[in-house]
Each structure stands twice: as C-alpha cells, then as structure tokens.
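To keep things simple, chains are lettered A, B and C as they appear, and every chain counts its residues starting from 1.
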C-alpha cells in the first residue's frame, strides 16, 4: 500500500484526518498480514513466560490459582513491551515515518492509527489467548469473558503509553532496556486495575469497578497519548 | 503588559547573573532553618505517645519525600515551559533538577525503611507511601536514562521534556492506583503505621524543615543551573565577563 | 536530658541516627556536587576562552 496514497492523496480534495488515519491503519494491517508468521512471536513469548511461573513456583493448580491474574498480567505486559519495538521500527527505517511527519497531515491521527493497528495485532490476540493460559494456571472457564475484557482494554492503554516510549527512544541503539524503564513505571495503574479486574473475574465476582477505571485510563490515553507520541516523533526526526 | 520579566528569563546571561545574586539569599536561610529545625525536632519536641522518640525520623523522612515530589513538579513545569516557549534556559532548569530529585527520592526510601523497621517489624512493606516513592525513583531513573541516551543536547532536552510532562500527568494516577491497591488488602487487625497524631510542638519543626529544604532546593537549583548554562552557552560573548568577574 | 539519653533516642537510636545520617549525607553530597559542577563549568569556559583568544 503506497505511502503516497496517504500523504499526497488529493490535495484538492483535502482528505480528512480520519480518512488519512483509516488508510494508515489499513496499510499497517496489510503489511503485517504479509509477514503474518511474525504475529505469533508476542503470543509465543506470552505462552513461554506464563509457563515459567509454574516451573519456578509449583505445578499445583491450587497454588497457581491465587497468583494467576498477576502472572497473566506480567506476561502480557512483557509481551506488549516486546512488541512495541516493532511499532515504529520498519517505518522509521524506510523513511515512512518522516513522510508522515512532513506530509502536512495530522501526525497525531496517523500515530493513533498506527497504535490502533498495533493493538489489533498484539493486544487483541493476547486477550483471546489469555483465557487458555489462565486455564493452565487453574482458572475456571467461566472466567474467560472477564479475562478477555480486562486484558483487551488494558492492552489498549498499554499500546498507547508504549507508543510514547517507543517514539521517544526512536533511533536509540539497543533501546529495549530503556524503553522498559520508561514504560513500566508509567504502566503501573494499568497493571493494578487490570490485574484486579482479572482477579475478580477468576473468582466469578463482578469486575465492573476496576474495568471502568481501566477504561477511563484508556480513554485518557486515547486523547493524550497520540499527541505526546507525535511530539516525540517530531523531536526524534529533527 | 509586564511580561518583560518573563522574556528576560529566556536570556541565559540574565538568568546566570540573577542566579548568582540570589543563591546566597536562599542558601544561608536554608542552613539556619534546617539547623534550627533539627534542634527543635530532636531536642525540644516531646516524644510521641505511641512511637516514642522513634517518630523523629519523620523530620528527615517527610522533607525528603516532599522534596522528591517538589523537584519533580519543578522539573516537569520547566520542561513544559521549554517545550511550549522553546526556552533553552527552561530545559537547563529541568536538567539541573533531576539528580537532586533522584537523590532525595532515594533518601525518602531509605529513611522510610529505617522508620518502618522498628514500627512494623520489617525493613520493607508494600505500603502506599513507600511503593509510590519507589515508582517515582524509577521514573527519575528513566528520565536521566533518556537524557543520557542522546549526544545532541537539544534532542535530549526535548525528548526528556516530553517524558517529564507525561510523567507529571501519570504520577497522580499512579499514586491513586497504588493507594487503591493497598487498601484492597488491608487486614483489619494490622496496626496501621501512619503519622503520629501531630501536636503543634511537633508540627513546627516539621514545617521549618519543609521550608528549609525548599530554600535548599532553590540554592542547589540555582547553582546547578549556572553550571548548565555555562556548559550550554559555550563561547557566547557574555561568558568571558561572567566567569572572570 | 543528658547527652547519653539524647543519643539513645528512647531505644530507636540504631534506626534514627542512620536515617539522619543518610539524609544529611545526601544534603552535603548535593551541595558538593552542585559546587563542583559550576566550578568545572567555569574552568572549562575559561579554557575555551583562552583557546579562542589565541586563535582569534
């Protein structure tokens, strides 16, 4: 999908920021589909990390069930972090990101689209796979909807705040540790509310309260994070 | 519109000279206040009903924790000013803040641990105050790590400024979520170790400490700021006169 | 109050004095650090000016 379609398309028609964003989203999804075997990697990482906990602690499901929510969230957080490095990598290498910044289109909306694509490709699969991991940790199947909802909303917020970190560390060599150091403390509220929601879901209780707080954070992120990420990208491209 | 004072703050030589003049006005009162607060807090203030003389750790723990937040908010404000108005001096202020803030955050953690050991039996508890301070410490480390990742000063300034502002929005949310998280798991029987019931005689040394530390921060900031400005301004014409005077 | 009872701090001495010690060590460190920063910046600036003075 041509970048020019996004950046040059019809100056006379002046496509709205939303149209441009939609094109960027479609582009990212298409490009990811062409390398779809790579989409498995964050999921495989999630599965491996989840597996490590029983190996490190106990094989007894009764002992794993109490920590299952926490384990799921730490594994999801680490997987999301891993996947963040790819958010801007290809586009910054081939100059697309620069084109986005120079295009005169809203960089905020373009980055919002990229983050949405990233969430669709990593957060959503994580949320769908998580109930399986939870079951392996002793969770009941009835908890599945709650697990999916809490992790799906939480990963929205994670992708958003992670995008800021990824934009800030663009071009920094071996930025993995720095990106983690920047993103993880800022993600603490997401982990706290998300894990609490998942825990309540595992117990079969109502998880509405923490999920609502989680959703509030996600909404705050939706409004502010693409702005901050756009500022960060511009700074990185100077 | 008397904005001239603000615009003059954008001029490095002006800020340098102003900082030079103001520093002793902050430094000396800071020293006097802190020493007076020390005497008042350690000698004059009566022991607490529950914690005896142990509560006096408050007189170093609370000011350290206060500093960790004060410095961060100063850093974030300066960062925002630097980003919005593109003022180099504002970025220099932010850069000067970080090491001071980080060191006092570490102090707050260590003094908190030393206070916790006699009060609740272990050096570490995941209580909301200590946990928030720990996270703030990580945020300072991230800020300084991001700064050092860039050779170009301008890029380091602006990237870390974005981070500081994002952090400033997030820190209250983090604190609230940590308090909420901690309240979920409060066993009712556990004796909550909080601040002792404060009487005026105990409060005055604390306030003096807070004020003294604030003035100390101002003096430290102004000193570091001068050094930062000298480094950044390189061979600007005003420097010769400034350093040889 | 005697000196020894003051130092004992009602039995909390081994926590209280290290706490005060750490805090004031950090205060002193910050002061030293700041002063060293500006002193070094000044010598660097003087050196730069000397170099420029010769070459100009």
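Rule of thumb we're sticking to: contacts are C-beta pairs under 8 Å (C-beta built on N, C-alpha and C of every residue); 3 or more make two chains touch, one makes a residue touch a chain.
Note that the coordinates shown come from a computational prediction; the quantities given were computed from them, not determined experimentally.
Centrality by C-alpha centroid: the chain sitting nearest the overall protein C-alpha mean is B. If you compare A-B with B-C, the chain pair joined by more contacting C-beta pairs is B-C. Taking the CA centroid of chain B as reference, the farthest chain centroid is that of A.
Centre-to-centre separation of chain A and chain C, using mean CA positions: 44 Å. We define each chain's centre as the mean of its Cα atoms; on that basis chain A and chain B are separated by 33 Å.
Once the centre of each chain is set as its mean CA position, chain B and chain C turn out to be 16 Å apart.
Interface of chain B with chain A (complex): residues 83, 135, 138-139, 141-142, 145-146, 149-150, 154-155, 158-159, 162-163, 165-167, 169-170, 173-174, 176-178, 180-181, 184. Chain C makes touch with chain B in their complex at residues 1, 6, 9-12, 15-16, 18-20, 22-24, 26-27, 29-31, 33-35, 37-38, 40-42, 44-46, 48-49, 52. Those residues of chain B whose C-beta lies close enough to touch chain C in the complex are 34, 42-43, 47, 52-54, 56-57, 60-61, 63-64, 99-100, 103-104, 106-107, 110-111, 114-115, 117-118, 216, 220, 223-224, 226-228, 230-231, 234-235, 239-240, 243-244. Interface residues of chain A facing chain B in the complex, by the touch rule stated above, are 161, 164, 168-169, 172, 175, 178, 181-182, 184-186, 188-189, 192-193, 196, 213, 217, 224, 228, 231-232, 235-236, 238.
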